[in-house]
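Note that the chains take the letters A, B, C and D in the order they are written out, and that residue 1 is the start of every chain.
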Amino acid sequence: MGTSFGRGGATTFQQDLQNADCILIEGSNMAECHPVGFQWVMEAKARGATLVHVDPRYTRTSALADIHVPIRVGTDIAFLGGIVNYVIEHDAYFHDYVVAFTNAPTIVGEEFKDTEDLDGVFSGLDADQRSYDPASWQYEGGPVQAASGQREQEFDEKLREREAQGGGEKRHQPSVAAAGRGESHGSGGASVPASVKRDETLQHPRCVFQIVKRHFSRYTPELVEQVCGIPQELFLKVCRTLTENSGRERTTAMAYAVGWTQHSVGVQYIRTAAILQLLLGNMGRPGGGILALRGHASIQGSTDIPTLYNLLPGYIPMPHAHQDEDLDMFIEGASTEKGYWGGMRSYMVSLLKAWWGPHATEDNDFCFDYLPRLTGSHSTYETVMAQLDGECKGYFVVGENPAVGSANAAMQRLGMANLDWLVVRDFSLIESATWWKDGPEIETGELQTEDIPTEVFFFPAAAHTEKNGSFTNTQRMLQWHHAAVEPAADARSELWFYYHLGRIIREKLAGSTDEMDRPVLELQWDYPTEGAVAEPSAEAVLAEINGWDAEGRPLASYEQLNEDGSTACGCWIYCGVYTTGVNQAARRKPGQEQSWVAPEWGWAWPANRRIIYNRASADREGKPWSERKAYIWWDDEEAKWVGHDVPDFDPAKSPWHRPPAGATGAEALAGDDAFVMQGDGKGWLYVPSGLTDGPLPAHYEPQDSPFPNLVYPHQQRNPVRQVFSRRHNRYHPGPGQPGSEIFPYMLTTYRLTEHHTAGGMSRWLSYLSELQPEMFCEVSPELAAERGLEHNGWATVITARGVIEARVMVTDRVAPLEVQGRMLHQIGLPYHWGPNGYAKGDAANELANISLDPNSHIQEVKAMSGDIRPGRRPRGAARTALVEEYIRRAGITPETGMEVRGGR
Amino acid sequence: MNETDVTKDGQRHVRPGREATTGVHTGPGVEHVPSAARPARGRGEQAMVPAAEFGSYYGKPIINQPVWESPDIPGYLFLGGLAGSSAVIAAGAQVTGRRGLARVAKVGAAASAALSTVALVHDLGRRGRFLNMLRTFKPTSPMSVGSWILASFGPAAAVAAGSDLTGVAPGIGAAATVGAAVLGPPLATYTAALISDTAVPAWHDAHRDMPFVFAASAVTSAAGLGMLGAPVEERGPVRLLGALGGAAELATERLMEARMGLAREAFDEGRAARYHKGAQALLVAGTLSSLTARRSRFLGAVAGASLLAGSALTRFAIFEAGLASAKDPRYTVVPQRARLEARRTRPSEGPRSNGDHPAAPPTGTE
Amino acid sequence: MNIAQWPVRRQRTTGDVSGRGVAVKSSKTERLTPRIADADEVVKSVCPYCAVGCGQTVFVRDEKVVQIEGDPDSPVSRGRLCPKGSASLQLTTGEARRYEVLHRRPHATDWEVLDLETAMDMVAERVIKTRRETWQWEQDGKRVRRTMGIASLGGATLDNEENYLMKKLYTALGAIQIENQARI
Amino acid sequence: MVANPFASLLEHGDPATAAGYVDHPPRMGFFTDTSVCIGCKACEVACKEWNHVPEGGLQFTGMSYDNTVGLGADTWRHVAFIEQRKRVGQQVTGAAADGAAPAESGIRWLMASDVCKHCTHAACLDVCPTGALFRTEFGTVVVQEDVCNGCGYCIPACPYGVIDQRHGDGRAWKCTLCYDRLGVGAEPACAKACPTDSIQFGTLEELHLRADRRLAQLHGAGVSDARLYGRDPDDGVGGDGAFFLLLDEPEVYGLPPDPIVTTRDLPAMWRRVATAAALVAGTVAVSFTRKAP
């Protein structure tokens, strides 16, 4: 979403779903995973909206849908691409909107070669490095500029060569390596030339529109049927429903969740939806947009203020060793000429001031050098590899349960078994805390407790009722929760733990003159504490996040941030949450006393906007596209933008405004540049920079798939996906390869309403456990007949990574699909269970491989092949032996599934 | 299309979500796949999440299982009948000067009343709160009415027996004997209302005949006790009563079965069937032998024991049939569905119009 | 027992002849007060499970949380909660929660209970030691100023303020392998 | 002079008035519209949290997503899940087991939250010998845990299988319609939690109007399966205080199709009990006046 629109967050808010004429839920099981949010879907349905649910299984969401489309797991790009093709072929796109607000008219450089030209890959592929060089994807005209975020290159040969040849080019022709750019665009577009060539007739053969049209032309209904297993008639019905409910008078909203992200091409799933929503003219408008449904109370917050390796607060990229030797170089690479990323220096300097206070001065680059640098991807899965390799020795696990909840759970545990020390903070003794005494590896004999050197600390955590703080929900809204009681005994908040850990470390290091300790000793770490347990004040932390000026007055908006060090701000996109010294996140004006937008409940970033890009709700002249879809409009008399929400636009900039030559940053935005974070002010159908795996989405098969890629017969998988072939993480043979028949079925993992993720907050509760007491798998009657599975009996599910057992639920809700002329059976696996807790069961993640989306480093657990057989799994060493037998039978080697190019 | 407009002035035409239509799959034309169309799958053995079969939710019972336990409650039904009828016999024997029979009947009445109270209290979930039975007087609750009867009868029977055995206060003893005799018949028969006044098909659907079965059974048992314990020369009335009671019990029970509809099949299941067969055999034997046991002490005792056991087994059979009929939703659903269908064809007759509604036709299984 | 309160008697003195209403109400029933009515404090909160962000109202009595239910004022949730949100009381006050610090020594077969202060000190020592041992000023000739020896996982269930302190401290310590559920 | 205690067994009208309340609040109830239920079970959990109902045991039943099976002492709200094959002429992806051409069949998944019906004529309340069960001023039916002695009579009396005895406790338990909350004007926990307003709480009168409107609306939309259950004050229990909109026959959801309050037949039973008692007395008397055969 960041790359398409400029910010990596849901573009709308849940309540606004009530205004949609049609809602497409795909890659999400909203009724089950977000039941209370689903009330807004029901509101829309009550008023006549059509609900379409695309899902491999018939779920509780499907039960309420008007159209349920069963789809083969891992083929959503083909499905959505088919709709894109339909929309263009039938001239069903919203022409005026597309011309005004998207980059459809923009001309792309001649060097770009599409998958159509290169047999399934884009230009710039470096097969040896498993990466693309995006230089050839750029717009025509102007120097080609590095995408912001592409600063995590490996020290690869190519680059060294280039440097040897006179390295001045390095920032302009970067090699691309594994990086987390998807997120670094969380709130900001990538940079492009300030002025671009456009053809508003959309006829130029190299304009984005024509490229998109050509790219998706092969995604025909026939192909969709073959690839996705969706009958043409049903597919066309969905196409008609969406197009009839989009355009000037109507809007369609889309909702997705991890059903889209957890794939080796996950970011491109969302890209396809973004393209579709831009073509249909649904962005920035009431009843439209794309709603990312997130599964944790503050998962949006934890990317905004990231506990992520590649980001600093507010989507500022972490500096990279190679590029960012000083602040100037960093800013040069990370900011854009046009749009709000032009203010990067003031955001960064203010952050450094918040962290190192008076120590951060103009003279020392505001302590920029105190920041550690990246040298590649350091995502959680690379960390596991580093643990296994003995590089990473200490590990904090806070409120998470990787021994159950992360892909390839065995690798997670083996990594932890190789640590010096491990700290686990949780409510109860989750699997990640006790694997050393009762984990599956102890049972199989692979590990012996006495042999495990890891020192383990378990700290009891405080609950949300025992601490003050804010969560950022799925619609970017911060809501404050107040402490009701103090935590009992040794239970403490993370705020307490980290504050006091930092305090103790600083005390221990006090007096050190070692340069490595300076960032710690000079860190601003003097939060007031309160109460008997000396809990740091969360509101003081929020005030720092919001920021203050030189006099210590709270800031109101990130537009007040300065480059000269006179302002401090811990997270620029959250600037304004503590304006006037009032905790805006704690605002609770009752919803019934406000419009449906409820602007006075909590606080949403950026600047309390609830629908972002809302400038696009009005036409070029600033009038609502339709009387029934009015949201923000230009008021001639008042000479400003007005409406139901905070305009996501300079409120005084008229629709006809044209920037003066040489303007930069926000000043360079024209009156119709609705996507204010983007380097060209437009929504991106085509992404010239910012993505690692291509400027357009292309269907590739999942890492483990029994089917050949019919869309690109000579390119089976995403060529730049991240793969790690190691012991315990072997991949399955591709279609047609010997041994692929050993894993004939597709597995997909998911959640149930009754549990929460890896179960740490649900499996220990009797009230939730009794509702779904055991691990089960869902199979069709046909598969049950084929494999002799008995309803209510036991089944054993096997991949090259592991084997689990589950109770069998034989149900029509999992329908076999006809794919490429054969019947495909899909097996549903909820992933909540583990061996501890009150409700126990095997963890589905024992089966998952680690293969990642190259942009987001998210694992592919929504689609993988596997086998199933009746009965319980073997115990003890026989469990490992069974997996080994499958590996042998399938002829799996370390090279299996590692191909970059090629079909099958 | 969404009927809500977002105008410059705000939202227009807002409608609450509870008015949402359901999924498209809720229109007409549900195909109830008969289980035969699926791979072999008998009751209790499900090959998949079963397609909802007509008439039940996964074969689960509609009503909850009675928590009353055997032998407490069937024992109570039996002992109450025995006590009540014995008290009447005691009075008859006293009046007609049959002192031996009177003593046996009095002691029997008092002992069974005491035992039945023990059984009743034992079955309580909170035994310490048995006195709460006298917290109210509720004619709508046969158990409340019964509690009051038992609470009056028990002391009367005890005083009668005590006086008889000790010879103390013969006047009070006589009065107590009369009192117990007055309370005896209701004690013997109210238990029919007790179990019929439930939603258990085999009990409720027999409510018209159950009091007579219980009455007969009570007489049978008391007569049986009399025959077992009284001197040979005083046995005349109880022999007659035994024969009458036994025959009546057989007859009324047969009549009850014939009129109770589908629930009768519950008498053919499991324990109920065994008890039922045993009861009938013992009652036939007891009836016949009491007719012939004019002099033989042994034959009289056999007759008496047979009648006692037969009467007890009748109660146990009825009790078990009730449990069986509660367990299978068929007994609840099929007659009710038939009743609905009947009403649909005769719409003028509401369900409340017939106090003694005709039993549903024995439609058998679907 | 007051005979006037005997329901049999009240069946005659009240209108409830059949003993199915007024007459049989116990004094305890008469005094019934819901614990939401006599709470000492009512605190506004947010559900800790998924990211819908449902409003919660927390009722406190005698410094204990006695009830958690939906906040009807919330424009997002309108007072409603899913089963998980509805189980928040059991989550926060249930028996499954642990309240003591546990420590497993290297190669040990079981936990030992540790006091919080000692444990904090031990963790701080481990951080300092590992940081020193694994410190990198440079990699391949480029300044990195970091440690690859310390990693962290978690954050999506935590508060923004907590994530902020984590990121700030870790970054100052030079740890970069800081991740959360957003990727999982 | 004592009024006829049976009068209220059959009569129409307000049950609270019949139970001796004067100036009482209007009758309150639930309307559970199963057509908007998403089967989330928030009602089950919210009920347990509020009422401190114990867990009912861990049991994987295979009954779709229903693992609590039915109403009982430890389950006062119960969500039923019914999977049905259904012709919809739209999904053509399902395939027959024998590999024949894909069948034109789809499925539908019914979900419905069941609860105590708070009958107008409540058998449990009628038969309770201790007065533990009583009619509240809101017209609901509630067990008083300080009175119940666990006689178990209410359990087989209930035609819906709602009330049950709790193991290890001995007393009978069921939905109270959150009697305590009603006292302070709060709505019951389940209705408050329900994300989609499938469970609606209010005065019975208003709920009836709402339900009738809803039924007409669904019928108008072609959902001909929709029907109200427990809405009719002329049915065998005098109408329910908690009634439902269903999309199939009641028995499919585990509900009796035509429940009748058992005490409706109690006057007839008493008459026959009396007759039978007289027969006992008479027969014994006769036997003492005649010579034995």
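In this text, a residue touches a chain if its C-beta (ideal position, glycine included) is under 8 Å from a C-beta of that chain, and two chains touch if they have at least 3 such contacts.
Note that the structure is predicted; figures quoted are calculated from it, not measured.
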Chain whose mean Cα position lies farthest from chain C: B
Which of A-C and A-B has more C-beta contact pairs: A-C
Computed distance of Cα centres, chain B from chain A, in Å: 66
For chain A paired with chain C, centre-to-centre distance based on mean C-alpha positions, whole Å: 26
Whole-Å gap between the CA centroids of chain B and chain D: 24
Distance from chain D to chain A - Cα centre to Cα centre, in angstrom: 46
In chain D, residues with contacts to at least two other chains: 5-6, 36, 40-42, 44-45, 49, 61-62, 64, 83, 85, 90, 97, 106-109, 126, 130-132, 147, 195-197
Interface hub residues of chain A, defined as touching at least two other chains: 35-36, 39, 42, 62-64, 67-68, 596, 753-754, 766-768, 771, 781, 785, 791-792, 809, 811-812, 838
Multi-chain contact sites of chain C, meaning residues that touch two or more partners: 7, 18-20, 23-24, 68, 80-87, 90
Overall pattern in which the protein chains touch one another (line/ring/star/complete/other): complete
Residues on chain C engaged by chain A in the complex (per definition of touch): 41, 43-56, 58, 60, 63-65, 68, 71-78, 80-88, 90-92, 94, 96-111, 114-116, 119-128, 130-135, 137, 139-140, 142-169, 171-184
Chain C to chain B touching residues, read off their complex: 6-8, 11, 18-20, 23-24
Residue numbers on chain B that touch chain C, as the complex places them: 134-140, 144
Footprint of chain B on chain A - complex, ascending: 18-21, 39-40, 42-49, 62-68, 245, 250, 286-287, 595-596, 624, 627-631, 633, 643-644, 781, 784-785, 790-792, 809-812
Residue numbers on chain D that touch chain A, as the complex places them: 36, 38-42, 44-45, 48-49, 55-62, 64-65, 67-68, 83, 85, 90-97, 99, 102, 106-109, 111, 195-197
